[in-house]
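Just passing along the structure, written as structure tokens.
Chain IDs A, B, C and D follow the sequence of writing; residue 1 opens each chain.
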Amino acid sequence: MENNILKGKKGIIFGALDNSSIAWKTAESVYNEGGEFVLTNAPVSIRMGSINELAEKTKSDVVPADATSLEDLENLINVATEKFGKLDFILHSIGMSVNVRKGREYTDLNYDWLTKGWDVSAVSFHKLMQSLFKLDAMNQWGSIVALTYIAAQRAFPNYNDMADNKAYLESIARSFGYFFGKDKKVRVNTISQSPTLTTAGKGVAGLDGFLNYADKMSPLGNATAKECADYTVSLFSDYTRKVTLQNLFHDGGFSNVGVSQEVIDAISSKS
Amino acid sequence: MENNILKGKKGIIFGALDNSSIAWKTAESVYNEGGEFVLTNAPVSIRMGSINELAEKTKSDVVPADATSLEDLENLINVATEKFGKLDFILHSIGMSVNVRKGREYTDLNYDWLTKGWDVSAVSFHKLMQSLFKLDAMNQWGSIVALTYIAAQRAFPNYNDMADNKAYLESIARSFGYFFGKDKKVRVNTISQSPTLTTAGKGVAGLDGFLNYADKMSPLGNATAKECADYTVSLFSDYTRKVTLQNLFHDGGFSNVGVSQEVIDAISSKS
Amino acid sequence: MENNILKGKKGIIFGALDNSSIAWKTAESVYNEGGEFVLTNAPVSIRMGSINELAEKTKSDVVPADATSLEDLENLINVATEKFGKLDFILHSIGMSVNVRKGREYTDLNYDWLTKGWDVSAVSFHKLMQSLFKLDAMNQWGSIVALTYIAAQRAFPNYNDMADNKAYLESIARSFGYFFGKDKKVRVNTISQSPTLTTAGKGVAGLDGFLNYADKMSPLGNATAKECADYTVSLFSDYTRKVTLQNLFHDGGFSNVGVSQEVIDAISSKS
Amino acid sequence: MENNILKGKKGIIFGALDNSSIAWKTAESVYNEGGEFVLTNAPVSIRMGSINELAEKTKSDVVPADATSLEDLENLINVATEKFGKLDFILHSIGMSVNVRKGREYTDLNYDWLTKGWDVSAVSFHKLMQSLFKLDAMNQWGSIVALTYIAAQRAFPNYNDMADNKAYLESIARSFGYFFGKDKKVRVNTISQSPTLTTAGKGVAGLDGFLNYADKMSPLGNATAKECADYTVSLFSDYTRKVTLQNLFHDGGFSNVGVSQEVIDAISSKS
């Protein structure tokens, strides 16, 4: 869509690795709607992925930042505000579990890895908002969005410690959203997206079977990365100014379905 | 269990049809714990079922009442309070959908039948509480419980208009619970029970496949009618005095599971 | 805002009484975004209000319909589809409690009035969707929205039986949304709006004090009718195609705030 | 109450500092109901408090353990199982935020302190369950309970990073509850308790005003520590065997009240 609904809006987009990333699709959609932004990712992700291609396409700069480093975050925000003035939107699309990567089960976690994944996936969101808040870097009626997953509310056996990280992330959105709303008139929300086959997601065990299940359960089917980008655009726009502290399910209806006929049929025919 | 935790407590139990009923099991459990009660059901259900057998076993009286009739409810409460004095516990276990019985789909409902089912399944709970409230029939720290189902929160294709009835019922529990708490120190809660193969439940299409699915999804398996009775006893007891306005899932964990390994496996092997 | 994001989209808007109505503001916003629609309301509301003024302003037709009458709904849909072809959006903004109007307390309800209010406020939404479904009147990726209030989740002493009506309405959104999604690729959501001083709302006892409380509790303050209209536009647009079966809080954050500093201060200074 | 409903059951109780602690009251109630247990706390808390007095009263042993140390947890579990055989119940009542203690605001957190508080308040619950799971220390139908607070769901300006810790803790209960249910038939739940004036709670800024607010909002008033102990006993008992993965509000109804008349009145008279 190209309706210019983000014309004049400036921001920062975290987490575009390659063209399967939700953050990548979001950057494209924001650009098509007239928004301008700085792209950022961890140095290692910048090397592994193809973010420079995206930067060229969207006429953006890339500023490397380790989202767990307050120094990197401050530098990033300073670069962005020097270029744009105060900011209107932020996308936090960052998540990583060392325990998942290394195949450790949830009943046998390594706690150093747990801490690392929590810092990257969840605390980074607090550090980012605290840095934005202290530097007074957001415009009134700005919008901050982080991506999350329904494992924060319900048990999914393979989502592992990322479930707890997402619960923590969503809580940060509420807790910090209170202060960002009261003091700065800025909204903070999380989007709880359908399981999505990104490069990062490919590491999760049994994802294929699970994607199939989620799709069968969802009245409109799984939401794609591109659709998530469109939805994020709506949350950055002025159409949604009074939506804050919410966890918003963008999942084809999955979250509010108890069971679908297809799933009952599959289970029944099996047994 | 027989620990006498309801010793000295008196109440009314609605909805015991036969020995597969949750209300039947509850009556037995309450009796075993030292509680005394009046049994009630609609006249037609009394004729169809075997409630007199239960009455004998639990040394109770049976007072017929149509739960949609204010007159019948008043009479019932008067009989009970004349026998016992003020009451300590109430179980509302009543539900019926004409549309389900007659096989009408949710996208093709008959609205007279809808109204009838709503009145029996949901409004009856308000009528009951309004009658108890006006007659000042409950002791302080009394406990009122109604049975419900998770279709009030999530779509289940075969649960039909009972889903909406249960949502209304749960809302009544909160709305009336506010006043019963403030004015009478009485608690009001709903128990959201696993799907249970009662005589009433047998009418729901596809229940077998669904019971199997729910069991596979629940870390502790489906909760039985007897277990629901035990749980209800705990909510009638003095161990739970400050729990009110809650919808309490008694379902082996079903409500907070996104998917189980068994369900992923069944779906995957199928496709 | 005028970004043409509803260009080419056609629909029906229920419930515009006068220029304080959320439906009125929505009609204006939809019109400004390029959408076309039929306006409807109950004959009595058309006489009492000023909908013809709105119709002129938005180049719309007015088709009277009692939303509890299947015949009226069918006629309305037929008029709309004859004019537009299949429809893309529907707004249901209808609510009325006779018990509230007549000052009956929640612990002393008149059940005929309860039934009337339930039929108008909640069942009308099912009747509307069943009529749309049977007439196959919605385009794929269409969007159906109903307005609701957080009293469906939590007790508000003065909201009376409207709380239970809203709970029933939200349940219908989920239950029917399942079938509308699976069979027609249409989404169904409810917006849970801040308390809003509409002509209808003026009847609710103690609304002023409550509006003040809600505003103090909400990090971004209460959402206005105009802001609700903007949000509804986003839900009618193609930016939100995979959002369905959701109850979406549009309330300045009220729903996820436990307490605000202002409220603690007010309580503390009082006592 | 003394109904012997925990007769024959053995367990571990964490977090009894002094006789204002919920864990202290729980130990007394469990003892009165026939349960046996080991008491534990951090060495510094044992020195500061009066746990030995409780141990004497309840004929229990005290085993010091730092709940963030896997070694200490293993030792504790080994001591308990050597004494009792497999265990039936666990109470986790541990929480501490360095940022709260040192008066750092949520928008100005120290991240080393954040990490420390998270490890003590939340990760300790995973470490405890992982140790119990690996050592196969729980009997079938055992019950694990952790205490939490509604700040995990809604923003409370003074609850600070404890809100996020509690959200993480509740997520652990669901995530680990899945495996403990499937593999061991053990249930895992959290109790979300009214604000309670314990020695630990005294550090939270503005607690008095908030306690007053919560009490005014709750139809049954705030739940006391003793009442929480009674409720915990019910969750350890066999009356609640199929309740798992739940966050259970024990709060006099606070969680499901939108506003109370008292609060509206206080706000209105103020302004």
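Here is the rule we use: contacts are C-beta pairs under 8 Å (C-beta built on N, C-alpha and C of every residue); 3 or more make two chains touch, one makes a residue touch a chain.
Source: prediction; values computed, not measured.
Colleague: With touch defined as above, tell me whether chain C and chain D contact each other through largely the same residue numbers, more than half shared, or through different ones.
Modeller: Both copies touch with mostly the same residues.
Colleague: Would you kindly say which chain has the C-alpha centre located farthest from the C-alpha centre of chain A?
Modeller: Measuring from the centre of chain A, the most distant chain centre belongs to B.
Colleague: Quick one: chain C and chain D, Cα centre-to-centre, how many Å?
Modeller: Roughly 41 Å separates the two chain centres.
Colleague: For chain A versus chain D, what separation do you get between their C-alpha means, in angstrom?
Modeller: About 32 Å separates the centre of chain A from that of chain D.
Colleague: Mark out which residues of chain D touch at least two other chains, giving numbers and ranges.
Modeller: 151, 153-155, 157, 159, 174, 177-179, 219, 245, 253, 256-257, 260-261
Colleague: Using the touch definition from the top, list the residues of chain B that touch chain A in their complex.
Modeller: Listed in rising order, the residues of chain B that touch chain A are 150-151, 153-157, 159, 206, 208-210, 212-214, 216, 219, 253, 256-261, 263-271.
Colleague: Would you tell me which residues of chain D are touching chain A in their complex?
Modeller: 70, 106-109, 111, 114-115, 118-119, 123, 126-127, 130, 133-134, 151-155, 157, 159-161, 163-164, 166-168, 170-172, 174-179, 183, 245
Colleague: Give the list of chain C residues in touch with chain A in this complex.
Modeller: Against chain A, the touching part of chain C is residues 1, 3-5, 174, 177-182, 185, 187, 194, 218-221, 223-224, 227, 230-231, 233-234, 237-246, 248-253, 255-257, 260-261.
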